[in-house]
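Structures follow.
Presented sequentially are two complexes of chain A, the first with chain B as partner and the second with chain C.
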Partner chain A sequence: MAALGRPHPALVAGKYLALAAYVAFALFPLYWLVKIAVTPDRLIYSEGTRYWPSAATWDNFREVLGSDFLRFFGNSVIVSLSTAAITAVIAAGGGYAFSRFDFRGKRLVSALLLLTQMFPLLIIIAPIYRIVASLGLLNTLPSLIVTYTAFNIPFALFLMQSFFDGIPKDLEEAAMIDGCTRMQALRKVILPLTLPGLGATLGFVFTAAWSEILFALMLIRKEESMTFPVGLLNFVSKFSVDWGQMMAAGVLALVPSCLFFAFIQRYLVQGLTSGAVKG
Partner chain B sequence: MSAALTDTPGGTRGRLSRAYLGMVAEPWLYLLPSLLLIGGVMLLPLAIGLGYAFQEFNLLRPGAAKWVGLDNFQDLWADPQFWRALRNTLVWTGASVTLQFAGGLGLALLLNTRFHGKKLVQALVFLPWAVPTFLTALTFSWLLNPVIGPVPYWLSGLGLIEEPYNILGNPDTALWGPILANVWYGVPFFAITLLAALSAIPSELYEAAEIDGASGWQSFTKITLPFLAPMIVITVMLRTIWIANFADLIYVMTGGGPANSTQILSSYIFTTAFKRLDFGHASAIAVVLLALLMIYAAILLAVRSRLVRR
Partner chain C sequence: MAGIELSGIAKSYGGVEVLRDVDLAVGEGEFVVLVGPSGCGKSTLLRMIAGLEPITAGELRIGGRRMNEVPPRGRDIAMVFQSYALYPHMTVARNMGFPMEIAHRPKAERAGPVARAAEVLGLGKLLDRYPRALSGGQRQRVAMGRAIVRQPQAFLFDEPLSNLDAALRVEMRLEIARLHHRIGATTVYVTHDQVEAMTLADRIVVMNAGRIQQVGTPMDLYERPANRFVAGFIGSPTMNIVEGTPVPDGLRLADGTVWPAPLGARALGIRPEHLHVAPDGDGAGLRAEVQLIERLGSDTNLFCEAPGVGPLLARVHGDVNLALGSSVVLTPDLARLHPFDAEGRRVPVGR
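Showing the complex of A and B:
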């Protein structure tokens, strides 16, 4: 709705007011998280609901970094990065097949991929637990990596397909006519053009794996292999009065997500509309 | 074809068909890892999970699983917690989708206009989407806690509650805590999707309407909404399914309590599988949820095909 003519000043003021309200709604909970995280322990009860703390401290962060959270953080980084990397590679192959080939069964495969996005994922939590247990892989990070990879492939595949669709087919055909094999054409011509798409896929999958909690709760019950969400939840149920430390841990969990968000922001619209299925 | 059969191997015909076979196989080769993983980790367990719904299968009670037909479903029928969860699922999904949609549409319409600092505003209002769900859940349960959160004081200031207490602790109001968190988390998604659809509407339409003397409200109802309608239907459908299946916020914020007052079907599946290790019952609930969602999707798709035809 491009503004044609001169809108009424009251309308303009209303618009900026509404935008400010949205920004405040989006940021206030995060501000509060950070605020409590830097409030010194002795002030939490007296100033818990003040909007601006009278003193700030890094103590909570220091204590969190000296605790088990560092290990949880490491486990989550391993799981999320491995999931993102493996998913991106596998989905790139699938997306390429979907973008460049017309083959019998394509509609069926694409229907199957859509199906995986529609059914309640919790239906498979019990069978997955059984399978993982019978393979002796309970409480191991690889069990999470394989599960998350499979969960994220359909969405990542559609996303990669949309990126490949944006690269003209003539480019690799020209390279192949000039004597390249398909693999060479892919490596020298297509791959460099796909890097932003691969980056976006990595970002989306990393964010998804970083925040998954239900399957992690089910498959990991030993402290040494807990991921960050499971560890934090465990901490919350055990020490539900140590607000400062919990929130400091929360702020730390936010950091990687924000970094990846800053990175994938440009691709949000394309990503969410191409798959159109993922939260 | 018969000629190909009599040809000697290595003849032109044989080489051609090998090349043809290679061409047919090539896309499948690239798809193979994806298909293997999805088949092994999602579709096979899905089939097994559907089977569990018809078995007596509890890890806490030793003994092999045995087929019991529809017993699990009969138990559900008599289970008041199940009916409570079903009602809560409707409230949770209906309220979340409606509020997310209203908030998202408003935001998308605002972002589709020109204003100063648009890039920054867009990044800030989309940020909640990137916050891990467990953290969203914890943050909101802290905000709702009168010891360290301001929300109870706002609510009592507005006269919505008599004194600042934690609404998560009251069975009558607890479900609204996760709904609030879900709205915060989900508005950006709707805004992003609707924004993409909005920017696809040709601006000539608005110009023509303006020349013909249409008011802003008229061009909104006569141009914007009809153009968005098919997109809105499909997004709302996918979102509804996704939210009905979305148990994380409720599990982390209330665990289904107090007194099961916030249990929805999907969180009930999770607690039944995770805490009680009763896989038979968990799967039966999941099958009911799946059936309900399929009926819902079928209705919405029928509505959509009528909208598109018009």
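Showing the complex of A and C:
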């Protein structure tokens, strides 16, 4: 009967223990980040391996907020939000087309999109740099927005396509019989049901753009348009690394990501389409 | 309300022809059922009437107006899908009122028809629920309610009961019949279930391999199937078909028994309920061995094997006192024999 009844308590305990171990392992770097951010400069090396410094301070945060960091931060917000928004719109349109229509060249386009995902970014950095330079976009935020959008569209599009595929065609057809044009059916019936997909796509693209450093490093040289991952490197000077401030900046950089996910998480809830059609 | 006329309708996908030469007129207020095996083109035909599939050739008229190029929203029809196709993010009331919402009818004006339809379908208490909180039968009712509310020219049903369990299917079948009786709307109903077809239809259209096989009232099809396909499809259990060699006064079966048949007949059909069963020794007739007995209470199905002739199913009223393996004599009700020619077409009786 053991198979049918409750699982053995030891098994339950083991399961939670394993989960706890994993969570601790995954979150430890974050904990270390916060710990060093609040450690005063003089203690960073002397108490390097203690789990909590003998004295905590907000000094690092204060200095970071007083520096250029706020500007980097603002730039990052602009770049990431724009990238996420533009990508989501394009990916939603493309994903819908891929999911619902058969058109000439569909397989070719699909194969090309997949192909772009196979190159290591490193080998196309030089050509991208040339293109951006000849467009006169070097050292501007739009250069980053355009490149990030271009690189994120394929994955985002496939993601959106799979969400559209999950919405039964019957619903649009019912809407069109009920008096909608295709656009109305899309807006009134399909779009509300795609919000979880749109949320996931926005979240994915936002985080990707937020933490990107390679292109940001190549395309932006001027301080006023640096994004924060590049800005972080400013804490590394020729002779020393300002660990405390660097970590404080890192903690601050986590905030928008967390806020963003808190905002979209209600759209990520699955099961919104249940009840539409018999499965 | 309006009639629907199809003339010379054909449909191909690329080079593949799935429907051809479909001519059909559905009268005002008539309930027509399209029935056939899966892949026969019945759903495609319905979707062409709805405007969800383009028409390759021929003409479709609804209420006398040519509809070939009119998008679904302009055809003033309502459709109930097999999957119900309820909008999951809208309440029952909004689902049912959606066609009016799209037509920009004010909210106050929508409430009346929705409430009345809900009343008819017994959905009064569920108006504020979401589809996910409804049972299969209730969802089906909401889908029907959405169709009723707009008072369309015609109703289209695409296998609406296929997703329900057996008991609910019978209940909803009655409901649809009652509803049609009450509203009297022109209806085209697609199903693969011949019982649904027989019980609901004013007229049945039997389809196979993209062509109409026969159109007629349920009893027409039962009593005078136009060919072997219709004979096998309509009626349950399926009609027995025996082949034979023509002799002057009929058809001689493999065991030598002669059954009367008109000139040109190569096969004879006899429904299980028209085959009499007598214990062995009672005179001449087709001898067979009982191989399986299904007792249904009201009836009993006897699966018999006649040497050389093949398997034959006989259905008798009530119970029988027969054992497996016992030998019986089968005699057909002569007036109920269906003669078919070499191509499987019905041979007219009455020479």
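Observations
By our rule, the second predicted complex is superposed on the first by the 230 of 279 C-alpha atoms of A that agree within 3 Å, B and C clash if a C-alpha of one lies under 4 Å from a C-alpha of the other, contacts with A are read in each partner's own complex, and residues count from 1 in each chain.
Basically, a contact is a pair of C-beta atoms (placed from the backbone, for glycine too) under 8 Å apart; a residue touches a chain by one contact, two chains touch by 3 or more.
Fair warning: this is a prediction, and the values are worked out from it, not measured in the lab.
Contacts of A:P168 after superposition on the shared chain: chain C is touched, whereas chain B is not. In the superposition on chain A, A:M183 makes contact with neither chain B nor chain C. Contact with chain B, but none with chain C, is seen for A:L157 once the two complexes are overlaid on the shared chain.
Of the two partner chains placed by superposition, only chain C is touched by A:P192; chain B is not. Which of chain B and chain C touches more residues of chain A is settled by the count: it is B. Contacts of A:L108 after superposition on the shared chain: neither chain B nor chain C is touched. When the two structures are aligned on the shared chain, A:Y45 is found in touch with chain B, with no touch to chain C. Residues 272-273, 276-277 of chain A touch chain B in one complex and chain C in the other. Considering their complex, residues 50-52, 71-73, 75, 77-79, 81, 83-89, 98-99, 102-103, 130-134, 136, 139, 146, 150, 163 of chain C touch chain A.
Residues of chain A that touch chain C in their complex: 168, 170-171, 173-181, 184, 188-189, 192-193, 271-278.
Against chain A, in their complex, chain B makes its touches with residues 24, 26-35, 37-38, 40-46, 48-50, 52, 106-107, 109-110, 112-115, 121, 123-136, 138-140, 142-143, 146-150, 153, 184, 186, 188-189, 192-193, 195-196, 198, 203, 206-207, 210, 216, 219-220, 224, 234-235, 238-239, 241-242, 244-248, 251-252, 266, 269-270, 273-274, 279, 282-283, 286-287, 289-290, 293, 297.
Chain A contributes residues 1-5, 15-16, 18-19, 22-23, 25-27, 29-30, 32-33, 36, 44-45, 48-49, 51, 90-91, 93-94, 96-98, 100-101, 103-104, 106, 109, 112-113, 116, 118-131, 146-147, 149-151, 153-154, 157, 207, 210-211, 213-214, 217-218, 229, 232-233, 236, 243, 246-247, 250, 253-254, 257-258, 260-262, 265, 268-269, 272-273, 276-277, 279 to its touches with chain B in the complex.
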